[in-house]
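Could you have a look at this structure, given as C-alpha cells, before my questions?
For clarity, chains are labelled A, B and C in written order, and residue numbers in each chain start from 1.
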Amino acid sequence: MATDLLVVEDLKMYFHTRDGVVKAVDGVSYTLNKGETIGVVGESGSGKSVTAMTMMRLIPMPPGKVEGGDVRFNGESLLTLPEDKMRAIRGNRIAMIFQDPMTSLNPVYRVGHQLAEPLMLHKNLSKAEAWKRATELLEMVGIPHPESRVKDYPHQFSGGMRQRVMIAMALACDPDILIADEPTTALDVTIQAQILELMQELQQRTGSAIIMITHDLGVVADMADRILVMYAGKAVEYGTVDEVFYSPSHPYTWGLIDSLPRHDMTEKGELCPIKGQPPSLIQVPSGCSFHPRCPYAKDRCRTEIPASRTIDGSHVAACHFAGDPGFTRTEMACAGVNVG
Amino acid sequence: MKKDSPQMQQEQDRKTAEATAAADTAYDALSASPSRTLLGDAWHRLRKNRLAIVAIIWIIVMVIAAVTADLWVPQRFGDPITINTQTLTADRLLPPQLAHPFGTDDLGRDVFARVVYGARFSLAVGLIATAISIVIGLVLGALGGYYGGFTDTLIMRTADVFFAFPYTLFAIALVAVLGPGFINVFIAIGVLGWPSIARVFRSSIFSVKSQDYVQAARALGASDIRIMSRHIMPNSVAPIIVYGTMSIGGAILTEAALSFLGMGIQPPTPSWGYMINASTKFMTTAPWLMLWPGFAILTTVLSFVLLGDGLRDALDVKMKD
Amino acid sequence: MLKYIGRRILQMIPVFIGVTVLLFLMTAVVPGDPVKMITGEREISPAVYNQIRAEYGFDKPLIVQYGMYLNRLAHGDLGQSLMRGRPVKDMLLDKFPYTMQLALAAIIIEIIFGIGAGMISAVKRYSFADVLVTLSTSILVSLPVFWLGTLLQMFFGIYLKEWTNGAFYLPMSGAGGPGAPFPHWVYLILPAITLASVSTAYAARIMRSQLLEVMGQDYIRTATAKGLSASAVLWRHTVKNAMIPVITFIGIDFGAMMSGAILTETVFNWPGVGNEIYNAVVRRDWPVVMGGVVIIVVVVMIINLLVDISYAFFDPRIRYGGGEEA
C-alpha cells in the first residue's frame, strides 16, 4: 500500500517512577489512512490515552521513556523528530482534543484569540485574518452568532459549546489527523450525540482521519472503520468494526460486548460486568494480563504472553486460543472468575 | 429516545460501570485490612521529612533548655537579670570565649545566659498567645461555620475589621493602649490572631458540612453536637494544626518586634528583641552582641515554619494563602 | 463589572465603620484616666481638666463619644501632640511622603525579585536554583525585619567602609538632604531592601505555588498540543493565569509592609510616619501614636479596596460575570 498516513508499530512506553516501572503502553500497533476513523477502546488505565499522548510527544520524559517501537507519520518517524519540527506538526498536521472541555480552555483569553493562536503560529496569518477565520470556524461547528461569540471568554460558554470550540480549534489548521481523547465523556448524553454527529460531518468535509479514544463501545460502533481494543497497556484485538463486533475473538472483547445492557433484556435480567478490576500497570499479571479475570484461562495463560494471532486478514487478537475452531463464547465473563 | 438507541446504551454503560465500581469498593472496604489512622499515616509521612525532624528536635532542645534554665544557667554563667553595678569594666563587653560562649553585654552579664532566659519568654508568648488565638478562633469559627446566617455574617464582618489592621501595627497600638508589660503582650498577640484561625476553621466546616456523609448522619438522627464532634472536627482539625504551628512563629516575631520597640517585657529581664535594640549602640565595639539574639529568633521561628510546612505536606492539607 | 465594584464598596462600609469603632474603643476604653491620654503626665489645673472632659465628652455615654470621635476624624483632627503641642495631623502629613517612597521602592523590589525568584523556582523545579529559592524564602520569612536592617547597616555602613577605606559604602541612617554625602535616593537603598525582604519571600513562594498549580491545568496541555513552544506556553498562558493571585497578594501585603515600615524606619532613622510613631511611643506621646495608626489604617484600607477592584480587571470571569448559555 502507498505510504500509510500513520503507522504505529509495536509502541512501548514505560513510566519510571519511585514506586516501580509503569508499563503504560506495552506493544501497540495499528495503521490509519486518510479519511479513516479508528476507535481505540478500553477501560480507564488501559493505556489508550497515553498511547496518543506518546505519539504527540506530550509525555514528559523523564519519567516517561519510549522503550521500543515506532510511530511513523507519512513515512517519517515522529519519535525521533527534533522538537521544533514536532511543534510544527502539533496543532497543525496532527491535532488533539481532550476530555474535559470545562478546563481545557484558558480562562483569561477570548475564544477568538485561542482559535487564532494556531492559525497565526502555523499558517502565518495576520491577526485580522486569523480572527476572521476564527469566526468562520465557530460557524462551522455550529455556534450561533459567531461574530459576537468569538469575542467571548470560555466561561461564557456551556460545556457542549466549549467542546465545539475545542473541535474548531483543533481543525483550524486542517490537520491530517484529529485525535479525540474521550471527547464526550464529560458531557450530557444528548450533547454527546450532537458532538459525535458534528465530528462525523466535519470529517466528511475535511477528509481528516480520526483517532477516537473512548471506553464506550457504543460511540465507536457508529463512527469507526477499525477498532483497537486495549487492555493493561497492550492491544488485545484489532480489526474492522464489523469484524470486531460480529466476530470478536478475544475473551476481553467478549466481556466488553456482554457487559452492554441488551435492549431485549427483561426487567429481571441481570447486568453482566466483567468480574474483577483492571490490573495495576506496575504489577502486571504474568503471562496474559487478562488471565485473572478470564473465564477461559488455562495454565498456559498464566505463564506465556500470548502473541498476536491472525484471525482473518488484518483481524488479529492476542489470545492463545483466538481463532481456534471451537473457541467461542460459552461462558459469560461475569459468571465466575477463573483463578486457574 | 428510542430504547435501543446509542444514547440509551451509553447511559446504561455508564451506570453499569458505576455500579460495578461502587460494589467493588464496598467489597474491598469490607474485606480490606484495617488501615492506619489519619494521625498514624501523617506521622509516618512527617518522619520522612528531614527538615521537619530537625525542626522538631531543635524546638524540643530549646524548650527543655528554657524550662530548666533556672537549674543550670545562673550557676555556670551568673545572673542574667540583675544589674550589678560593681561589675568590673574589664568584664564588660567581652568577646565570645570559653567562660562566656556569647560574650558579655555592656553591664557584664553573660549573653548566653540572657539568650536562654529570653527564650523562656519568647517561647511562652509563642505558645500561649497562639493558644489563646486558637481557642477564640475555634469557638467563633465553629459558631459561624455551623450556624451560618446572621451569626456567621456578624463574626466574619468582625474578622474583616480585624483584617483591615496591619498585624504588627495593631499589636503596637494595643500595647500602647494597654501599657507595656508581658501580660499585655500575651493579650495583644493572642487577641489579634483569632480571625485567621476562625476563617480557616470555618471554611473547613463549610466544606465538610456539604459532604454526603454528614447529610447521612443527620438523616440517621444524629444531634448537632454529635455531628460536630464526630464528623466535622476531625476533618477540620488538620488545617488548624498547620496554621497554628505557623502562627507560633508569627507570634514570636511580633513579640520580638514589640520588645525591640521597647513595648514588650521590660528590662532588666532579657528579651531577644530588646537585646537587639540595645546592641546597636555597640555595633562597632562589640558586633557579636547583635548576632546571638537575632540568630535565636531566626532559628526558633524557622523551626516552627519548617515544622508547619512539614505538617502541611504530611496531613496533605491544601491551603490557599 | 460595575455591580462587582459597587458590591465591593458596599461591603467596605461596615468594615470601615467597624474599624473606626475599634480605633475609638482603643482610645476611649483605656485603663486609667482618659484625660491623661490627651494631656500626658503633666500637671494641669482643674479648670483645664474639666474643659477637656467636656470637650471630649468623657462624662457622656460611649455612643456620644464615638460620634464626637467620628466627627473629629472627618475633620482631620487627630489631636495634639503631648510633647510638641502641634496638631498631630500636621506632624504626620509632613512625613507621609517619605513612607510612601519607601513603600514604593520596596514594592518594586518585591515585584522584580519575588516574581522572578518564584518563576525560576517553578520552571526549574527540583533544580539547585529551586532548592536555593525555597530555603532562602523560608529563612527570610523567619527573619526579624529589624535585625536584618541592623545587619545590613553593620555590613554596608561600617565594614564595607572599613574594607574599602571609605571608598565605597552605603549610608546607614537618615534621608540625606542638602550637604549630605549622597543624593537622596541612595539613602533609600538599604531601608527599601530591608522592608522588601519578607514580602519578597512570600511573593516568591506564592508565585511558585501558583505557577505549579497552573502548570498542572488542562488548558496548559491544550496550549502545548497546539504546537506552541515551551516559552510561549510559559509566558503567554501559564504566567498570565498565575499572576492574578500574586498581584492581589502584593496589594494585600501592602498593609503588612506598613507595619514593617515602622520597624525599618526606626532602624534606619528614615523620617517617615513609622519613625514618628516609634519616637512617640518612646516619649509616651499617645495622640501621635494613635494618629499615626489611623493614617496608616486608612491608607491600607483604600489600597485594599483598589486591589479588590483591580482584581476584576485581571480576571475576565469577574469582568464579564455572566453564567452559561446553552
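As a convention for this text, contacts are C-beta pairs under 8 Å (C-beta built on N, C-alpha and C of every residue); 3 or more make two chains touch, one makes a residue touch a chain.
Quick caveat, the model's predicted, so the values are computed rather than measured.
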{"item": "Leader among chain pairs (count of C-beta contacts)", "value": "B-C"}
{"item": "By mean Cα position, the chain sitting nearest the middle", "value": "B"}
{"item": "Far-end chain from chain C, centres as C-alpha averages", "value": "A"}
{"item": "CA centroid of chain B to CA centroid of chain C, Å", "value": "23"}
{"item": "Chain A and chain C, separation of their C-alpha mean positions in angstrom", "value": "54"}
{"item": "Intercentroid distance (Cα basis), chain B paired with chain A, Å", "value": "49"}
{"item": "Residues of chain A defined as touching chain C within the complex", "value": "56, 58, 84, 87-92, 95-96, 98, 100, 103-110, 117-118, 121-122, 152-153, 155-161, 166, 169"}
{"item": "Of all residues in chain B, those that touch chain C in their complex", "value": "157-158, 160-162, 164-169, 172-174, 176-179, 249, 253, 256-257, 260-263, 273, 276-277, 279-280, 283-284, 287, 290, 293-294, 297-298, 301-302, 305-306, 309, 321"}
{"item": "Residues on chain C engaged by chain B in the complex (per definition of touch)", "value": "14-16, 18-19, 21-22, 26-27, 30-31, 138-139, 141-147, 150-151, 153-154, 158, 202, 206, 249, 255-256, 258-260, 262-263, 266-267, 277-278, 281-282, 286, 289-290, 293, 296-297, 300-301, 304"}
{"item": "Complex contact set, residues of chain C against chain A", "value": "217-219, 221-229, 237, 240-241, 244, 314-317, 320, 322, 324-326"}
